[in-house]
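Next, two complexes with chain A in common: one pairs it with chain B, the other with chain C.
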Partner chain A sequence: MRLFLSGARTQFWLMGRQPDDLLTLCTIPFTVVMLLSIVMHAARPDLVANAFLAPTLIGLWGFSTGLAAEVLVGERWNATLQLGMAAPGAVHPVYLGRISAVMVLGVVPLGETWLLGKLLFGVTPPVHHPWVFWAAMAASVFAMTGTSLLLAASMLLSKQAHHYLNFLSFPIYLLSGVMVPVQYLPEFLQPLSHVIFLSSSADLMRDSMAAGPVSGTGWRLLAIVGLGVAALVGGRVLVALALRRAREVGTVTYA
Partner chain B sequence: MRDQLRVLKHGLIASWTMYSAFQTWKSWTFMWLSRLLVQACFYALIGRMLGSQEQVDYLLVGNLVAIMAIDATVVILLAVGERQSGTLALMVAAPSTHLTVYLGRGLVNLGSGVAVSTTAFLVLPPLFDVRLPWPGAALVPLMVLVVGLSCYCYGTCVASFVLGFPSARWLALNMSYLVLMTFCGVNVPTSYWPDWLRAVTSVLPMTHGLTAIRAFIAEGPASTVLLNLVLELGVAAAWLAVAAVSFNRMVRRGRRDGTIEFSG
Partner chain C sequence: MNHRGVTVSVHVRNLTRTYRKGKGWRPKGEEVTALDGLTLDVPTNEVHGLLGPNGAGKTTLCKILSTILLPTSGTAEVLGHDVVAETDKVRPHIGIVFGGERGLYGKLTARQTLRYWAALYKLPDARAEVRAGELLGRLGLADKADDLVETYSRGMKQRVHLARGLIGDPKLILFDEPTTGMDPVAARDFRKLIAELRDEGRTILITTHDMDEAEEVCDRVTLIDKGRVLATESPRGLAEMSGLHRWVEAETALDVTGIPGVVDTETRNGLLRVKTTDDRSARAVLDFLLDNGVRSVHAVPPRLEDVYLDLIGRRGMEI
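Moving on to the complex of A and B:
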């Protein structure tokens, strides 16, 4: 736990020194304005909830791919990866702490979206089941932390990793139905969305904002957490494998 | 003029060498092009969710053009990279002008953007039942090129201001193309915005060019199409002129206060 907290503290300190790390917070307002303007211009107030949820979840994903997934390659570029590997303590909790610190900030786009919706468009959607909403948000942040660890480890394994990471933005937004529910996708694509926890998050959060009762809350939360745990375990294994491989093939650091 | 064209040619060769070292045809096709195609699909699907084919048409066409703006404005990163590589001092000392290199630094990426947008125009409209006026629609890539040039000139201008703040280059890039995608008639007509904002969009790239493309696809009057394309070129020229003045000012200031260093 001490190593985890140490990693989190380090990451908060780094983000305070590098405002570029907070790029996602600057791009989210544009996403908010784009999506809200589309539904308001089309006179579809019933879809305002979708336009609020999408930037929130896109922001969470943006922090994951834009910052959390870069933690390990950043260490390699700064030539601190080998120091961490040579240290007597385990490095995994430190990296997980750093990633968790980033993902805590992933909640900020939620407030940003609500604030901009109110200030610029004069709308805020009601949340009829706030406990379900916040539980889904917390589960999503947890699942995103696990996913980020997995992505961060995979970044060490390929020279093309930045291409893959850049690719994994709109395809994920589309498949997970953060704005447009999955049933609007072609049928052959719909099964893919089940393995992306964001699709469960988006569905559950949308339902929690609607007036009707939310069915199967426990199971749906469990699905999000379960996918998060799977990613966390997979990430932990992959970090170990990636660091071992880097040691074996001599790519722990660059010249 | 011939000398400048030779400089431009060598600049393009250098840019292509760097671009192809970073991007292979496979990574361009399967990672970059496909990612941008999915981005356009994301917005077209919103139109489908809104339940109106008119909305699908509007959002798809707007975003098919808008995805090009990302590549066109990458010149911001490249110009800052050029400055950081320490070549400016050598260019200032050379008999040629640094402007040719800086203003031409991202032309390869502009080509990529136009190729992406053209491919998207060929592939996506049939998937969303968006009708294009073939064979006349073959002219759309030329109009996309006009919009691309305009976005590129705007990008060079932003780059000229960001050179002094290299750590803000990613922020500047993202803000630059997002402003265009948000306010210049890509997802909603510019008439949706307040008057003051509409006035701002009229001097931004994409606004007039996209209007021309929409009018052309809707088989509107040729005069509307031509007028808007001319306006788009005018906007491009204005941004390019400001960029050239700004780059020159940077060099004059650098010579005066000794900040033309060999590396950032």
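Moving on to the complex of A and C:
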């Protein structure tokens, strides 16, 4: 736990002094304006919740791919990865702590979206089941942390992972139902969304904002957390594999 | 302990490390040999220098000893523990200091840097705070301890590297070109630090291109080329046993090139250095200079740099 906390504390120190790490926050207003403009122009108040959720979850994904997933390759580039590997303490909890610190910031787009909605369009969506909403948000941050570890390890294993990650973002937004509810997608695409935890997050958060009762909250939360745990375990295994391979092949640092 | 009954901190036998060039999961390009059956013992509490040209395998050896790289074959033990099978027993006792700009977080202060690494070296928070303060003071960084590392000069950054390497109170310290970028004063202080660390009972393995530094701080040096050990001896002993030319130095502008046995001459800052084939020729040069009224004259054994150049070869820019 000390290693995890040390990693988190260090990441907060670093982010506090690197404003460009927070660029994701600068992209949020564009998404908010775009989606709310469409919804308001079309006079579809029933879609306001969707217009607020999309920038929030896109921001979470943005912090994951833009910063958290870069932690390990950044370490390799900085030649601190090799120093960590030679230290007696395990590096996994340290890097998980650093990734977790980034993902805590992933909550900021939520406040930013609400604030922009209020300031620019004079609307904020009602949240009829706030506890469910926050529980879903917390579960989503946890699951995104696991996913980020998985992505960070992938980046260490393949230099091409960067390109795939850039490509992946839009399909993820679509298949996860972040922008458009999954039930509106073509039927053959819908099964794919089940393996993406963000689809469960988006559905549950959307339901928590609606007036009607939320069914199966526990199971749905469990599904998000379960997918997060799977990603976390997968990420842990992949980090070990990536570090082992780096020791074998000699790619612990860039030449 | 080796067969001579000496306690050794580093015990390397037939160590080989090869790389394959190319990309992909399993690179299939040309095989490059970084270490080629290297054998080496470093006794406990010795300052041991690794000398060799770029690409000789010095850094690769340091990385294997510090458990960062896996050897292709052969064995390496640090403090009696295998660096492949017993990494958990090796790592608490080693400190590594790699030279250069990388390896530091520019956006952290020196104190934060040490606290981060103290956690990775499993120091409790209170102990980490004390240890960081001690090291910052020892390395002359106390006044700037809370400034960002990115604002430091190159020499100061190198001192942060040193402090980081010492955070775990290691028994074996691996220095890879530690004085790179240091000004002469900082380099002198570093040499003093090496002596202090040895006095504290630590073993030090240091790679360097600075022959004067190696001559001054190292108890023994190993010359490495193409992944193989060429020689291991004390700097003086290496020079003595190398059978190299003897040198005569004198403050004069006299021409001695006609004396039999004189191989080469060079003049630096008014000091004539005469390279001779053997002791007899050196004696002839001395006699000639004294007979011609030169009073400041003496014979000197070959320097480590001469031995290095003789054994490694004058390759210039060739790697």
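We adopt the following convention: the second predicted complex is superposed on the first by the 255 of 255 C-alpha atoms of A that agree within 3 Å, B and C clash if a C-alpha of one lies under 4 Å from a C-alpha of the other, contacts with A are read in each partner's own complex, and residues count from 1 in each chain.
By our rule, a contact is a pair of C-beta atoms (placed from the backbone, for glycine too) under 8 Å apart; a residue touches a chain by one contact, two chains touch by 3 or more.
In this text, all values refer to a predicted model and were calculated from it rather than measured experimentally.
Enquirer: Considering only the touch criterion stated at the top, classify A:23 as touching first (chain B), second (chain C), both, or neither.
Expert: first
Enquirer: Check the residue A:119 against both partner chains and state whether it touches chain B (first), chain C (second), both, or neither.
Expert: Neither chain B nor chain C is touched by A:119.
Enquirer: Applying the document's definition of touch, where does A:1 land relative to chain B and chain C: first, second, both, or neither?
Expert: It touches nothing on chain B or chain C.
Enquirer: Per the contact definition in the header, classify A:94: touching chain B only (first), chain C only (second), both, or neither.
Expert: Second partner only, chain C.
Enquirer: Could you tell me if A:33 is touching chain B, chain C, both of them or neither one (first, second, both, neither)?
Expert: first
Enquirer: Where on chain A do the contacts with chain B and the contacts with chain C coincide?
Expert: Touching chain B and chain C on chain A: no residues.
Enquirer: Which residues of chain A touch chain C once you look at their complex with the stated criterion?
Expert: 2-3, 6, 10, 13-14, 17-18, 78-80, 82-89, 91, 94, 159, 247-250, 252-253
Enquirer: What residues on chain C touch chain A, complex-wise?
Expert: 17, 19-20, 23, 27, 63, 66-70, 88, 91-92, 94, 96, 98, 100, 102-105, 107-108, 112, 115-117, 119-122, 125, 148, 164, 168
Enquirer: How about chain B: which of its residues touch chain A in the complex?
Expert: 27, 30-32, 34-35, 38-39, 41-43, 45-46, 48-50, 52, 55, 59, 167-168, 170-171, 174-175, 178-179, 181-182, 187-189, 192
Enquirer: Which bits of chain A are touching chain B when the two form their complex?
Expert: 19-20, 23, 26-27, 30, 33-35, 37-39, 41-42, 44, 47, 50, 160, 163-164, 166-167, 169-171, 173-174, 179-181, 184-185
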